[in-house]
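Chain lettering (A, B, C, D and E) follows the sequence in which the chains are written, and residue indices restart at 1 in each chain.
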Amino acid sequence: MFYYLALAALLFSIGLYGVLTRRNIIGILMSLELMFNAANINFVTFNKFVITDGMTGQVFALFVIAVAAAEAVVGLAIVLLVYRNWQGIKTDYINVMKW
Amino acid sequence: MGELKTQEFIVNVGPHHPSTHGVCRLMLTLDGEKVVKIVPFIGYLHRAIEKICENRTYAQCIPLFDRFEYVTSMSCNYIFAAAAEKLAAIEVPERAEYLRVIMLELNRIASHLIFYGVTAMDIGALTPFLYGLRERELIIDLFEMTCGQRLTYNYIRVGGVSKDIPEQFIPDCRKAIKIIRRKLVDYEGLLNENPIWLKRNVGVGYLPADLAIAYGVSGPVLRASGVKYDLRKDDPYSIYDRFDFEVACRPNGDCYDRYLVRLDEIKQSLRIIEQALDGLPEGPIKAKVSPNFKPPAGEVYTRIENSRGEMGVYLQSDGGKKPLRVKARGGSYNQLQVLPYFGTGGLVADLVAIFASLDVIMPEVDR
Amino acid sequence: MIWPVAIGELHGVFSWLYSLLESTGLSQPWLDIIRYIVLGLVVFGVLCLIALFLVWWERKIAAHIQQRFGPMRHGWHGWYQTIADALKLLQKEDILVDTRDKVVFFWAPVICFVAAFLAYICIPFGDKLIVADLNIGILYIIAITTFTVISLLMAGWGSNNKYALLGGMRSAAQIVSYEVPMVASILVVVVFVGSLSMVDIVEAQSGWFTNWFIFRVPFGPIAFVTYIIAATAEANRTPFDIPEAEQELVAGYNIEYSGMKFSMFFLAEFANGFTVSAIAVTLFLGGWHGPFLPSWVWFMGKTLAVVFLLMLFRWTYPRLRVDQLMEFAWKFLVPVTFANLILGAWMKYAGWYW
Amino acid sequence: MDAPVSLVFWILSFIIIVSAFMVVSLKNIFHCALFLILCLFSVAGIYLLLNAEFLAAAQVLIYVGAVSILMIFAIMLTSQLASKRISQTNENKLVAFFVCLMFGLSTLVLIANTHVWRYSAQALPEANVLTIGKYLMTDFMLPFEVVSVLLLAAMIGAIVLARKETS
Amino acid sequence: MTKYSFIIALLPLLSFLMIVFFMRWKEKLSAWFSIAMILVSWVMSIIVLIETIGNHGVPYEAFYEFLAFPQITFQIGILIDALAAVMLVVVTTIGASVEIYSVGYMKDDPRFSRFFAYLSLFLFSMLGLVLANNFFMIFIFWELVGLTSYLLIGFWFEKKSAADACKKAFITTRIGDLGFMVGLFMLAFYVGTFNYGEVFDKVGAGLVPAGILTAIALFVFCGAVGKSAQFPLHVWLPDAMEGPTPVSALIHAATMVAAGVYLVARSMALFVGSAEASLVVACIGLITSLLAAAIAITQNDIKRVLAYSTVSQLGYMIMALGLYGFDVANGHHSPGFYAGTFHLMTHAFFKGLLFLAAGSVIHAVHTNNIQEMGGLLRKMKITAPAFLIASLSISGIFPFSGFWSKDEIIATTVSHPVFLVFTLLIAFMTAFYMWRLCFLTFFGEPRDKERWDHAHESPRSMSWTLAFLAVMATFAGWVGLPWLSHGFAGFVYHGQPYHPHASWLMMIISSIVAVSGIVLAYLVYYKRAISADMLANKFRLLYKLSFNKFYFDEIYHIILLNPILAFCRWMWKFDAGIIDGLVNGTAWLTIAWANVKQWFDVWIVDGAVNGSGWVVRQVGEGLRYLQNGAVQFYALFILTMIVLFGLWKFEFTFISVNWPTMTIIFVVGVTVLAILSRLAPSEAEADGDTKQEN
């Protein structure tokens, strides 16, 4: 079980790194997917090793997948919008939060 | 959201693209799949036919004109011969005129059959192409029987035709007419009410009549826009005024109408051929014309209704045995010119359908 | 009435082979490994044979629809024409575009082929004639065939060609859209059977042929028709073949491919056509069930009949336009399939079926 | 873990970690997407090891079949940005790497030092899909509905966002 | 079938949704689809009625608790008892007739499908109202009915009068609904449940104080007053005639206005518990009935006459129900409940018929004014007889259905002489104004020759509907013949079944009253034996009052609108004079003071401000790098803090390095790396990428 959790932790860290450093929004979204997957691995692992009966973990993993899909859809729609408006999707440009 | 900018995208269609019917190059500016701008580039098939003609005698020009528009080379033969006859005031025998009409109309049917197959193929249905060519084969066989050629006939000469038709011609021709009549029902059944065909064609590529007239578009494309203009009726040449036929005309000006007009024309041509076969007189087939005849100095323009619109030849003579200046006009050229003005706004697939429905043939454009 | 089980079942051969293998006294893991390798090879062979046969068959059908003969010279009615073609493709020069994305360009046909190949693992070719009866069988096939899209996108991108890119994007949009109605059509059957396993689905249709799902009016025929439409689109066949549309995109995603790489796409396309037909047979037409003849003969016969249907579509219909295609999927097919799914679920719930 | 499973696990983990690293570090964003697909596919393999067949299939179907394709789509639509000339990472790179390394290490240590969850593998219900379905329709009815609404909202939102203003 | 009776209500909803989402452009399809749906509902409700009769009106109840709080539970459920079953049939019959009728009437209307969508939605809400098993649900459907009637009355919203009328109807009924809502709150507070059965049980057991019960009953009655257009909220109904005529027939004859009566009948247990409330109900009913009948006599608009007649008849029913409550509260038994509901049913049929026939007439002559009609009997061979049958019925002529139900109402009032007198008077007036209408419209010489020439019988979908309803208007009353031992009275009842006994005396008296009304109308408007103008002159005051609808709209204008307007005007004056003056004065003062301050400001304050500003700026110059607007940078910052926190909190060790050392290493590492990466040349500026544009 430790190995699975360790795998998830590493995957999560890598995803985190991607989120923090990617310049391309699509890259950030992809890294986010990695983090979601890390969480999912944890869910399924706990489902297998901890829960005595039932499939709660898997059900939750399923929910996470659905949420991730929704997130990707909306995220990419925003990406397209940003791309059309700024002619670029680098995060450096989108610093409206500064003002 | 305000103004959104989209990235435009330039694609070269051709010169070796399957749906350009030869070697035409269209530079498309695309917005996604939508066509924003069309720029046609021509000249890939330029052979300088007009210039070469200036160094040939009139009789020698006719084989060159075979290659002017090779899908209907009978018409090309005829148009030059008619111009030369007009210039030199040569009387053509009755039987020759009848034979010419039969050949012209057969060739028109052959051309429209190719159109039928090619259009269907451009829209994705592969089978009609072979159907169209199968019936065209009957006509080509007739030509072969008459003049020994299957594509470039060199049959119609100055002052008449080169050979008389063989005995087998008339029964074979009648049989072919019968078969084509029967097969036309098949064609219509295959496509006319096919929902996908309708979806792809109806309302696509609307060419308004005024734009068509402004750009000098002629032939089936013009008639599909609701202009009932056919040189066979409006400016009768040869002996067309003797035959009873209707001018096919449709009002909507979209791809579907252009397709229907051509099918209608096939039917009308069949009628003309039947009448011509019935009234075919006996007699000579060629007036006596010297091979090196010298027409008097002057200029002349003749025009006929080809399957792709008005085809004309302008001849200028200085009294020598060679023409001083030859200028040919083909319908395809004008149809290609108007394409950028009404072909934009649709999708790429629409453009292919429109291009197919115009039935442009590149050698006629480039000469 | 259960149809009489005919002799000549192929699974006997396999079990005999396996018992032979067992008698060598190898340990279980090794047995498994050998078994799977052998089965994989067999499936691979079957796939190649099917694809080759389908290419020949399609040529003949097309020819006969168009009133010609098609290949006639090589063997009886040109039966080894395709093999000759395949050999020709194998030894052709592999033309590589300089500006290609090297890795992507190389892997695209491989993935396409492997995806087509992997789907065969779950197809019940006959009674007990299935490589692995997964409990998520049909879902597995749907999932694995999505790799085809990725391969097409990779091909489109890797070729570094605008036509290819457009073709790849079109195919992705199309397949993703049509996956929705396809899955919804399949779900009707799944709801009724209560299992995702292919074998269970076939077993649920045993008995007289009225037990086939296509005869369970009203939802069965509707689901079958919608499935066939969606499957035609999934397999990129006319009237939904806009990704390759030679008159528009020249050849779409495989424009830059040649030689063996092209033939892999080609084979995969035919393999996919067979896969979707096999799914249709499994789900709606009773799978391997049938009287007198061995089950695998029935299965192949039915599948080829469905393939024949797809080929008829291809050689009679014009092609749709991109926007019309999407419109058809979202505005017509998706509502219909979902309504049908709800209807089927309701009937299952209310017990109004036989 | 018995030997074959363990072997498969190590192979899969290796692929996951390497491809995940590729996802965050490669310059060509299209390659990143392909590695993402590989990574997600391997994660599906991990699910299989954990007896979650349905989830594995769903993972492949949704992530590989839909989400990644959307990603690639977006990449293609915004293709000019994927060129290799442009740096794909921002100037936080070094700090972020260090911090993430620390985060990962500390999480690992945390996991290793936690003794609460030392359980052994459980036998899961045989009918995997059926059980999940039952859970979705009984205990998790409300979340299920919420997720449905969320997906619907996402769909509408995406349409609204991505629609071109036609005027 | 009773089990599935919720489907009856859902079918129109389905049709509404289908039309709205899928069939908007297919006009014929949407019409026929909604008609098919309502016909299915109709058949189902007939089956439900038969089943209910079969089990002797034993209520069937089914519900689903969709919100359960400890204090109160909200249910969604259906309750099918005799009353509901009868109402179902009535509503679906009228609904189906109106929809079929509308196919002809609304032909060529640009919003044809939308009309059917609205009709379907209305029927859904009305049927839901009938089926509801608790007050909460009835309130929801009540509001839905209000909404859809707003939409339908304002269907021709291009007409200003229609737009005004729909607003008026909506707002006026809303006043009543407010009372209803207060009643509901009180119910929830004192009784703790909304379910009919539980509420009535608790009320019956005397768990609610008497005063409270009276208040609840009156508040609930408020809702009925609004919806059923009772005095003083009756003003909206005549104006609502601006809607299309089928709508008038549907809303104002059979269904929506009947909802109020239905509510009173439904919650009869509340009224039975409180004699005072019941008396108020009865009086309101009587006043309404009398006033409306008086107004109806002088109106010239065919639909307005019918509208006032409706108000009058509704007042009748309310009065009967109120008297029943009063009698039972005082320990007597009374036919009032049965009479009210019976009249509700028969009235639905003949009033629906009247409206539809009136619509047919309007369709034919294109005017509402009966003074421009006349002689139409010869032109309209189906419409006119149908109208006359309905008039006979409403006037209470033997053996039409109105006779039987009206008789019962009169029988209810026998023990209350005051009511009896007025009831008979109203019956007389009803007969008079209805026959005035008939004679002016259908008999005599046409007064507008041109219109008469163009008049024609309506299309078949309209006239056949009329014929069907005429049959219903004639025979529907026979279910309540006093000689039937298991007639209507034995089926629909509250508490104990009432056994009516035929009273020849009452029948004869009522017949005489009705016939004399008709005769008077005959003399005045057909024979012209008595001049109408002379009568008007003679009773000048009464005539003017009646003709101007007792000045209700004007009264409301004076006592409600004018004060409000005056108050507004006063507020404006206050605003303009005093507040503005204050403001301006303040401004002047401020300017003066500002001049003083300026000197101080420029020299002293600015110096300090600029000084501090300079300091802040120098600090900000240093800090602004942290606030660079990039989300990722913020996220990194957050993560750094998290790790720091983790290092501090969990106190774990890395390979024998303890946590303070670890923390120091971490912080130093982050700082050094951050400085390093800032110093390195930025790659972003090196490439020639597109620049940011906004």
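What we mean here is this: contacts are C-beta pairs under 8 Å (C-beta built on N, C-alpha and C of every residue); 3 or more make two chains touch, one makes a residue touch a chain.
Just so you know, these numbers come straight off a predicted model, no measurement behind them.
Novice: Can you give me the shortest step count from chain A to chain E, moving only between touching chains?
Specialist: 1
Novice: Would you identify the chain whose Cα-based centre sits farthest away from the centre of chain B?
Specialist: If we average the C-alpha coordinates per chain, E ends up farthest from chain B.
Novice: Pick out whichever of the two, D-E or C-D, is joined by more C-beta pairs in contact.
Specialist: Answer to which pair has more contacts is C-D.
Novice: Just give me the whole-number Å value for how far the CA centre of chain B lies from that of chain C.
Specialist: 45
Novice: Counting in whole Å, what is the centre-to-centre distance of chain C and chain E, each centre being its mean C-alpha position?
Specialist: Centre separation, chain C to chain E: 59 Å.
Novice: Which integer distance in Å separates the CA centroid of chain A from that of chain C?
Specialist: The answer is 33 Å.
Novice: Which integer distance in Å separates the CA centroid of chain A from that of chain D?
Specialist: Measuring from centre to centre gives 6 Å for this pair.
Novice: Would you give the residues of chain A that are in contact with at least 2 other chains, written as numbers and ranges?
Specialist: 16, 20-23, 81, 85, 87-88, 90-92
Novice: I need the residues of chain B touching at least two other chains; which ones are they?
Specialist: 1-2, 4, 6-7
Novice: Flag every residue of chain A that touches chain D in the complex, lowest number first.
Specialist: Result: residues 1-7, 9-18, 20-24, 26-27, 29-31, 33-34, 37, 40-41, 44-56, 58-59, 61-63, 65-74, 76-81, 83, 88-92 of chain A touch chain D.
Novice: For the complex, which residues does chain D have touching chain C?
Specialist: Chain D residues touching chain C: 4, 28, 30-31, 34, 37, 53-54, 56-58, 60-61, 64-66, 68-69, 72-73, 76, 79, 127-130.
Novice: Please output the residues of chain C touching chain D within their complex, sorted ascending.
Specialist: That would be residues 29, 101, 103-104, 134-136, 139-140, 142-144, 146-147, 149-150, 153-154, 156-157, 165, 168-169, 172-173, 176, 179, 194-196 of chain C.
Novice: Give the list of chain E residues in touch with chain A in this complex.
Specialist: Residues of chain E touching chain A: 627-632, 635-636, 639, 684, 689-690, 692-694.
Novice: Which residues, counting only chain C, touch chain B once they are in their complex?
Specialist: Residue positions touching the partner: 62, 65-68, 162-163, 166, 238-239, 241-242, 245-250, 315-324.
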